[in-house]
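Two complexes, one shared chain (chain A), two partners (chain B, chain C).
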Partner chain A sequence: GDSWGIFTFLCAALCNLPALPALNCSEELGAGQSIQQTYDLTRYLEHQLRTLAGTYLNYLGPPFNEPDFNPPRLARAERVPSATVDLDLWRGLTDNARLAANYRAYSRLLCYLRVLDGQVGTAELRHRLAHFCASLQGLVLSIGGVMSSLGYPLPAGPAGPPAPPGAHAAPNDFLKKMDDFWLLKELQTWLWRSAKDFNRLKKKVPPAVVTLRLEARGF
Partner chain B sequence: DSHTQYERVGADVTMKCGSMDWDAAVTWTANGTDIDESHLNGSYLILKNVDLSQSGQYSCYEGSSWHLKYQTYLRVGTPPKEPVLMCRSNNYPKGFYCSWHLPTPTYIPNTFNISVIHGTKDMVCEKDAIPKNRCHIRYLQLFSTVKYKVTLTVTNALGKNFTTLTFDEFAIVKPDPPESVVAKPVPNNPRRLEVSWQNPSSWPDPESFPLKFFLRYRPLILDQWQHVELSDGTSHTITDAYAGKEYIIQVAAKDNDIGTWSDWSVAVHATPWTEEPKHLTTEAQITETTSTSTSSFMAPPTTKICDKGAVVGSGAMAVCWTAGLVVAAYSVLFI
Partner chain C sequence: PLSVSPAADPAVISPQDPTLLIGSSLVATCTVSPDFPLKAEDLYWTLNGRRLPAASYAALGPSTLSVALARLNGSRQQSGDNLVCHSRDGGILAGSCLYVGLPPEKPVNITCWSKNMKDLTCKWAPGTEGETFLHTNYTLKYKRRWYGQDNTCQEYHTAGTYSCHIPKDLALFTPYEIWVEASNRLGVAVSDVVMLDILDVVTTDPPSDVHVSRVGDLEDQLSVRWSSPPALKDFLFQAKYQIQYRVEDSSEWKVVDDVGNQTSCRLAGLRPGTVYFVQVRCNPFSIYGSKKAGIWSDWSNPTAASTPRSERVAGGCDPKGGEQNTTLRRELKQFFGWVKKHAYGCSNLGIKLYDQWRVWLQKSHKTRNQV
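Showing the complex of A and B:
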């Protein structure tokens, strides 16, 4: 009841921080370079997540840390943005839609992770989560930078008004852990998907333009 | 009255001669050969501890009239052991295939039934005509967080067994090995080999799902491989080959971000370019091989052209530019 209210407030506060304007350097570097950097960031984060998820799932305890754990997806878990998409639809996404989907997803995932950070028990976990959140924030900014350099508007903050207090509160400890489990899973899947999204974007934005600019700047 | 009868290896089998009484006079044959009376208990045929060789057609004839009263085809076999199941996506993101086999034969006909569940959805795995024990599935969605659960059930007349595989979409991605691997010497470069290959033809979309490659190479005479990982491109030039040595080269592929490495490609052999005609080179190679393969093999030095190691294989017509220049310089002085 009360904890949900705090959660909603925190989310609103953290997520409605003005999205930093596209850093000037990204325009100088050119979209091609930024896309490569964003791609590299997703790979780095995916690697980081593996360690973080391992530690966190052990903290949650069995059955969450069992490799075969394959629970059904409960309706309540839908609030976490899903990377799952129809194959043809994914192929047909415009660059703008592709980037926007990534931007929105990571913004929200970051939000949820930050709340997690506040609740988690051990100091080691808090430290790891904080580090991961910082890297994830970097990714969001990087995607924003790419969008700006390509002339696309940044998507607005978390869609819709905050849910009323108590609406999504996990009724018990086990379901709360399930929520955490799915959050980590969606995060992992998004990072895998982003690698593919940015591969496609890399092909579309030729790096040749970038090289010229870099030389002009004397890099 | 004729039918088929399945029995386990090691079982005791009792065959009745149809509706004949126990004390009726009958003759049993196995595949046309009379069976000795010692196997009979009245008109029943008793086969103890049956083995595979006892499979065949058993017939029962009435004593005097030789009327065929009963016939059965006995097939001795075993119930199925737990089948071996493997699922793999070599054509990501199109879908995946599963293939299976029994670890040991049952000697009787088996039927296989495969079920694929994705979350709450049942999916149909379409059986392939060739090879037989294989089916394939098309992905409807990509980047799924829900695991796939594949259950294979094998059934025969003597029993059933099953096995299950549960996996994430990403975990089973394993491309086929690269194709058309070609290795060629580079003219006038005794330490180079140019290797090129192609993406496996089963990989449908290398543009959006690029592959990275792993090249390994070694001279035939050594056991240790050298490795190079390449994040793009389908060619590579080896620049540190030992002069005149035949090399064996293989390439493997992997999706850039997910899954596992393919098996190694078919091996190709190549020898770097050498200046000498072949027969002279071979002699020099043999001498060199016997003298140096027993000692620690050091890379021939790259700086001094006139050094013994690099000259090996060049034979009598040593390309010794430094010495040549010195001689030329002195000649000029003396002219």
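Showing the complex of A and C:
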């Protein structure tokens, strides 16, 4: 369980070193292996998020950390991409579209998380957030690597810095707390969804490639 | 499935995100937006998830409900207490974060040290015994006396929570003024100014390569040798040293103070056949000719050695345990001697290694017992 997570994170972190989206890692290993790695990374992040969210929601205080808390999503600019999608639509996604949706979503989520990192109060939280952002960056690169190895172009991401930080900022502290709550919720939903996305992709990659690689690694 | 979100915020709370002193009272109002079909009697308040008593409410208008909060305690979390206005079915209409606390007190006990005159690290203590309940920021500032500009330290938490490290651009032979500013939403407090010259607070690395060995067959002596810390060569200071040593199973250190600036010393009056742990530390003094002493370095890692015991001494005052120990050591020595002769590549194996192992064992026992 845990050692798997650490292994995949380390790989993603190592692949993090060059700033290019195409991973040396995945090109060597082939699409099948990188899809598996990306899947494992989403599970690891899901696990990490549970601890981070727990700490962060306790920092926000009740009612935010109550299990049944469900505030309204007020009509402010739809900043955070939603993971929920019609089931038939989801099933019908092409591999390219599926990967691109994940890539775009995590790139945006990463931006918002980084803003959060700059504002948060306690040293412990900043430390956890920084660690999580690093892992999430690894996931974005991993997805980019899968796309490249399958020959898909990377989506024109949120290129360059997003709108000036003040632009989408909540008008008061309480609304900001609500935004933070929803950011964490969306992250959680995306990680659940991605696990299913990558599971689906795993099945579609030519099995021959996967078997060869597995044998070569002696698993 | 999410309900249709309205264009405007459903309600407005006043005051929005106020900052208050502990013990103060507050009257907050929730005004429902005209687009919403809610009346004052359809509303209720919660504070940090707990419903506030209806007795503290008052309707100030058809769609405005107020709540009175008296003698507020310090905020439950530093992100602010959550005061929320709800509609009857529990839905959230608006919220306000209350920051209730105390202004900071003057930070105190500023102490600084410079490693080899290259940098400056300072630490301090927050003035308040208890909490301020608000997030408090500390800024260490410094400037050369009589020279304009205030500088701000950037690298915090290097030696604990309340510390800061200034890595470069420090001048020697000039007094610095150093102080710490604490600030939070309720105010600012500035510590007293500490004045120092970098040369007055210099420390250095502990001595390296500490070796402890026997003096021939002398049963009550050990010879200690070490290397001066590397920085000694680069800077114009002298070093004086201090040694401390103890018997293996005692926690009482004996200190040898008059070591001077030699890099060796002989310990005498020791017990025969006993393992001793020895540490050395260094104090840079007479820096650039000043008569003052610096700050003692950390102690070097403990080094162990044992005094010899002549075989002819018959037991003496040692308890049975001591005897067993001696026999064991004797056998081990003989074994290592044999190994050296007959095994290749085991040249590091020896009684010295065994002694180091015993130091390590003591240390790990200590930490285990501390838990």
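In the analysis below, the second predicted complex is superposed on the first by the 178 of 219 C-alpha atoms of A that agree within 3 Å, B and C clash if a C-alpha of one lies under 4 Å from a C-alpha of the other, contacts with A are read in each partner's own complex, and residues count from 1 in each chain.
Rule of thumb we're sticking to: a residue touches a chain if its C-beta (ideal position, glycine included) is under 8 Å from a C-beta of that chain, and two chains touch if they have at least 3 such contacts.
These figures come from a predicted structure and were not determined experimentally.
In the superposed pair of complexes, A:199 makes contact with chain B only, with no contact to chain C.
In the superposed model, A:126 makes contact with neither chain B nor chain C.
In the superposition on chain A, contact is made by A:173 with chain C only, not with chain B.
Touch criterion met: A:72 reaches chain B and chain C at once.
Once the two complexes are overlaid on the shared chain, A:185 sits against chain B while remaining clear of chain C. In the superposition on chain A, the residues of chain A touched by chain B in one structure and by chain C in the other are 72-73.
For chain A in complex with chain C, the residues that touch the partner chain are 58-64, 66, 71-75, 121-123, 172-175, 177-178.
Interface residues of chain C, counted against chain A in their complex, comprise 2-3, 5-7, 9-10, 13, 16-17, 46, 48-50, 76-82, 84, 91-92, 94-97, 135, 157, 161. Only residues 93, 119-120, 139-147, 149, 166, 170, 207-210, 256-258 of chain B touch chain A when the two sit together in their complex. Interface of chain A with chain B (complex): residues 43, 46, 68, 70, 72-73, 82-87, 90-91, 182, 185-186, 188-190, 192-193, 195-196, 199-200, 203.
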